[in-house]
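Shared chain: chain A. Partners: chain B in the first complex, chain C in the second.
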Partner chain A sequence: MKSPILQSATKYLLPILLLFSFFLLLRGHYYPGGGFVGGLVASIAFVLHSFANGPDETMKILKRKPLSLIPTGLSISALSITLPLLFGYPPMTGLWFEEPIPFIGMIGSSLFFDLGVYLVVVGVVLTILFTISLNNLEEKN
Partner chain B sequence: MLLTVLSGLIFSIVLVLFGRKFKAKWSILLPILPTLLFLYFAYQIPQISEGKSIIQHIDWVPSLGVNFDFHLDGLSLLFALLITGIGSCIFFYGRAYLKGHPYFDRFFGYLLLFMSAMLGVVLSDNILLLFVFWELTSISSFFLIGFNNDNPDSRKSALTALGITGFGGFFMLLALVLIGNIADTYTISELFTHRETILNHELYPLIIGLLFVGAFTKSAQFPFHFWLPGAMKAPTPVSAYLHSATMVKAGIYLLARFTPILGDHTYWNTTLLVVGGITMLYAAIHSLFRIDMKAILAYSTISALGVLTFLLGLGTREAMIAVSVFILAHALYKATLFMVTGIVDHETHTRDITVLSGLRKVLGPVALAGILAALSSAGLPFLTFGFIGKDLIYEATLHYTIPEWIWILTGLAVATNIGLVAAGFMAGIKPFVGTLPQEFEKVHLPYKSMWIPPLLLAILGVIFGILPALAGDFITNTASNAIWGNDTASHLKVWHGFNTVFILSLVTLIVGSLIYFINKPSLSKLQAVERLNNISPQRIITGYANDIVRFGQWYTNLFHNGYLRSYHLKIILFAEALIAYRLWLSGPINVDFWTLTYPDWYEIAIIFILIGAIYLVVTTPSRLTAVVGMSVIGYCICLIFVIYSAPDLAMTQFTIDTLSTVLFVLVLYKLPPFINLTSHTVLIRDAVVALGFGVILSLVAFKVWSEPISTEISDFYGENAYLLAKGKNVVNVILVDFRGIDTMFETVVLSIAAIGVYSLIRLRLKSSERE
Partner chain C sequence: MIDNHILGPVFIHLFTAILQLIAWRKTVTQRVISGIGSFLGVLVSIRLLDKVVDNGILTLNASNWEAPFGIVFVADLLSSTLVLITSLAGLAVSLFSSTGINRQRMLYGYFPIFHFLVMGLNGAFLTGDIFNLYVWFEVIIISSFVLMTLGGRKQQLEGAVKYMALNILASTFFLTGIGILYGITGSLNMADLSQKIKLVNNQFLIGITSTFFLIGFGIKSAVFPLYYWLPSSYHTPPSAVAATFGGLLTKVGIYAMLRVFSLIFIPDEFTRNLLMVLAVLTIITGSLGALIKLNIRRLFSYLIVCHIGFMIGGIGMFTKVALMGTIFYLFHDILVKTNMFLIAGVIRQMRGTMEMKYLGGIYGQYPKISLLIALVLFSLVGIPPLSGFWPKIFLFKESLNLEHYAFVAALVLGSFVTLFAIARMWSEVFWKDVPAGVDAEDKFAPMPLARKILLILPIGLLAAITIFIGLNAEVVVQLVDKISDQLVDTSSYVEAVLGKQN
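On to the complex of A and B.
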């Protein structure tokens, strides 16, 4: 299923979609969006790329197994839960910077929690899909 | 005291890490721990014998009433001394017995675990803590019985023992929780003050019934006795330690511990008398037909446990003195007999008493230990501690409070003891007397550390027999005081004068010896007895156990059959039943259709697309078309979300639908071409279930719409999302802040799903790893 149109389209679509997914992640606290949807959009971006160029090519862009994103994401979430303990608050207390950061806006511990969710979702979706599709490819050969 | 209990557990962990070293060089270190613990408890003897007790309290789960409360009184001390004292002997003995065994380290790990658990049982002052340790003894016993894990018999016996004791433990837990709830405390030393409350409570019969099941299963009382002979599949050191001297007495300990709290009641006493009476006589008679030394000892142990239960049932002052003395006497001679059996088995490779004879010529010191122990178990006057115990038993039955029962009870006790005398002689004397067959001439004495411990215990029995005050004043008196709840004012003496008790003891000894000389156990007799097995409790209870297993298989096959469609059907049917029932209860649904707004044209269009897509999915013969149809349905729902202003839901639905379509296509690729094998009846059934689900959910929607809904929760989130969590998107704030822990666990679930898929597909066994 190698179509040159799709291949050249994904070349531009992949970064745009990834940027969009990140945008969804950041705005989640104030407007529709969030880590879960953001993660799904990012996964769709990679899936689209793998449709156009084959999963092997996509794996090259990712550089590492998507499975490794899962523990990374889980630990970021877990850290953001336990971080307030260091400041003497109960776990999951929202901690915020006093001033907004340019372009990104307010940053708090819940954003990192959402980032963890985002990474886990990307890891889970890509692991499942790529495991199956790579397996299909291998059997074909 | 916490340290005494935990040290064994800690040491067993060390054993896991350095097992290899303990197998060879360091094995001499193993018996040090029990010996040190024994010295510690021996050091407490003077203090306890003055009537003091030691209490320690450490919070563990105070909100549930579970704490590390330890209490060392006379009864606990008697058991603690037995556990650590006989434990030290067993550790020395076992080190030689299992020398070179590949699982040497594992064995001692289990043994240490058991020792700690048993100490925990007898030292706990909290009934829930007691239960935890109680179960630990069952578990360690399971590992020890199944120690020879390549032997199917051994595995089966271990499972039976665990099944029976675990079953009893379950009932015991119920009893303990009931007691704790009624008395409003889980601390044993506080329960004494609530005696009247529990005794007068309407649940009292149930409580003691449940407690009895726990104690009787552990202490192998009729009809749960049969696991104990099976447990003899364990290596002999284990039989000597767990299944004669300590663990099986945990049930007796429990009964004794609760006697001052729950005892002295008609139900309590009668049940114990009847069960104990049946057990002691039944097992004593059984032991006479056995030819395996270990089986004889197993049945005589059951009989002795029956005697103890029986004595607790008598409930008099004399009976309590007899209980504590008999516990000590029995532990001393029975552990000796078991260790002697182990040595005989180790050296001659047989335990058949019809074959063994004359071994005194080659195993001198062992024979001495065996004969002394057998004489103690027979109750030879003036010389053995067993005599003191037997005396006190008769004294207890002769002074029973109901005169009409005295002769029945005494008769029972005499008959049982006659059996025990003969059984003791069969196991302790028979192998050593007579002529030495040629095949055993080359038998030689084992290591010193194997024959010294039994000899030591046997000699201790003689010392206590000659100077009973030594055992009485320091150890057993405080124990009987603890069971009786008051000062029993007992003083153990050898000579009470030429009275009825002494005559009964002599009669027992003489008739028992006569039976020993007349009764020649043989294989044919054993087989004759075993024909009765069909009506034995063992057959009946294992029959029930097998039925439970069969039911479990049937139930699992019904509900867990591996067909996704079957799971779906059951889940949906159950949900339908549940929701329909609730709807039925909540009464009629009032919907005023005239107040509903007319749908817009695009809403009607979406609904038509939906219906068309559903029709396509249901009728198409192509899987791919069905998947596409499904995604059309998903996108339509997505549009509905958009129209009714739920952008978060719409976005999620949209992306999820896209990805699940991709996933479907990838998986479909692997499937063979679609063939319709489903029959018409199944299709109709599925259609009915599906329509039913749709109807019920629509009804729920109408119901929700017609009822006034409380908006408290959404108001709370709406108001506080920005104030507390600085977010304006309430949905997102709920996900990442208010209910963040839920989200965290959901991501964990997702991760598990991904790892599951990955490992199922990618991690295949190499051909070398396949069986």
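On to the complex of A and C.
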């Protein structure tokens, strides 16, 4: 399905949706949102792009296989869980920087946990999607 | 005492799995990482058990939230011993898998999922929160679904559908039970629950809630009316996977029963009688199944069901000696059942089939390996001084004491059927000549020595531990004695989690 309207809309929607997913990720510590929802919104952005331009074009933007996001995300999360052990706290304790960082605010180890979840969700959803859609393409050819 | 490192065995397997995901499709690297990770896991578990023996029960408040508000992890003697035995079985299966699993399955992530499974098992043993226990159960069953379907043969998928349907049902019962329990008491921490449950006025409601847990765990550990998914699914996946399932997964159900029925729902007269009846029927149905099955792995599956009955009976009697029997049997059963399925895997490599009528002549061809296997089989039957002998003494003694003669009869029946089934298997598979007209396809003989060692070493390792437990029974009995003390009198557990009670 090639539709110029969808294609040009996607061109603007992709960055907006990605920004929105980041907003959800950062907001998630105290308000509704977080890594899981953020990851879903981000993957929807790529899903929309692949609807408009085909999965091959989307792979070109992503540059790497989405599968590789899963171990990356998992290791970020796992490290942020175990990091407090080095400071003598139980695992999963939130460690915070003492000064807030401009524009973003307070940053703690829980943000990195959420970031890991975000990457894993994007990786899983896109892997499933591309596996299905690329199989379909092969069958058509 | 608070110790922030009791989750070590969980983290080791988590990081092992992540490293293997990074090495996606590099099967040689994955095998090496798996071996190293499992070995480290064993070392960390030994250290954990050692600490628990020295310092008493250790706890960890995740995220530094005080119990009963946060999730608490508790390493008492039962948990830490089970973590050690799980790690040992995990090491054996991991070594065996490096040659016993075909490359195609490894390419699709066999090893990471296997380590996630072991991580889930360790987590389930260590958690002190009932909802967290449910979450670990989910980690376990999701990993086991993947392991079971990996490879995608038709027969495998058929087994997996049965397995999945029944396990999801079990989880639903378990989760419903947790929901009701939370509604009644407002707590999920098991130590806290054990205090609050005594204060509830409507004890009848508590009894009903406990049946939800009984059904949920009953399905998972394959107790009498709910066992039939097990023999119809465990013979389908590769032997290394079946070893993990047969050795460990049903035993988590037993562990959860021990935990829940000792801490939260102290069994009343009705529950005890119910458990005894279930135990007797489980043993009888398991034995009847074992008598007629002529496929090695189907036979082993029915023996699992039969021996689950022994442990349920011990929980049903719920006295100190009976619990000692159950716990000792649990330790023995994990090691031996894992080993049995590994043996089935080796026999398949040697002959290309597991049907007894096409098997034969293994003793003539491989006398040394056969003797090693015989040792494991003797231990399963319970010949003294091997590990299967000791727990049965406790079970017999206590059931005679309490005059549960039906259970005594079932124990005798179960033991004899095990003996008969194993003796028949021995004569059919090892002593009998290869039947005429059967073209045995031996993949084992032409293997390079290193691969042969990787197949036999895990069996030797587990057999050595079985012998160690058998000959060193005094040490193990002392350990089991302390464990059942902790289960009968839970005040030390509650005190370790919630602090000194006034």
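Basically, the second predicted complex is superposed on the first by the 141 of 141 C-alpha atoms of A that agree within 3 Å, B and C clash if a C-alpha of one lies under 4 Å from a C-alpha of the other, contacts with A are read in each partner's own complex, and residues count from 1 in each chain.
Quick note on the criterion: a residue touches a chain if its C-beta (ideal position, glycine included) is under 8 Å from a C-beta of that chain, and two chains touch if they have at least 3 such contacts.
In this text the structure is predicted, and so the values were computed from the model without any measurement.
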| item | value |
| --- | --- |
| Partner chain in contact with A:Tyr89 - chain B first, chain C second, else both or neither | second |
| Which of chain B and chain C A:Ser133 touches, first, second, both or neither | first |
| Partner chain(s) touched by A:Ala78 [first = chain B, second = chain C, both, neither] | both |
| Partner chain in contact with A:Ile70 - chain B first, chain C second, else both or neither | both |
| Per-residue touch tally on chain A - higher for chain B or for chain C | B |
| Chain B and chain C contact sites that coincide on chain A, given as residue numbers | 67, 70, 74, 78, 81, 92, 94 |
| Residues of chain C defined as touching chain A within the complex | 2, 4-5, 7, 11, 14-15, 18, 21-22, 24, 60-64 |
| Partner chain B, residues of chain A touching it in the complex | 24, 28-37, 40-41, 43-44, 47, 67, 70, 73-74, 77-78, 81, 92, 94, 96, 106, 108, 110, 113-114, 116-117, 120-121, 123-125, 127-129, 131-133, 135-136 |
| Touching residues on chain B, where the partner in the complex is chain A | 647-648, 651-652, 655-656, 658-659, 662-663, 666-667, 669-670, 724-729, 731-733, 735-737, 740-741, 743-744, 747-748, 750-751, 753-755, 757-758, 761-762 |
| Complex contact set, residues of chain A against chain C | 67-68, 70-71, 74-75, 78, 81-82, 85, 88-94 |
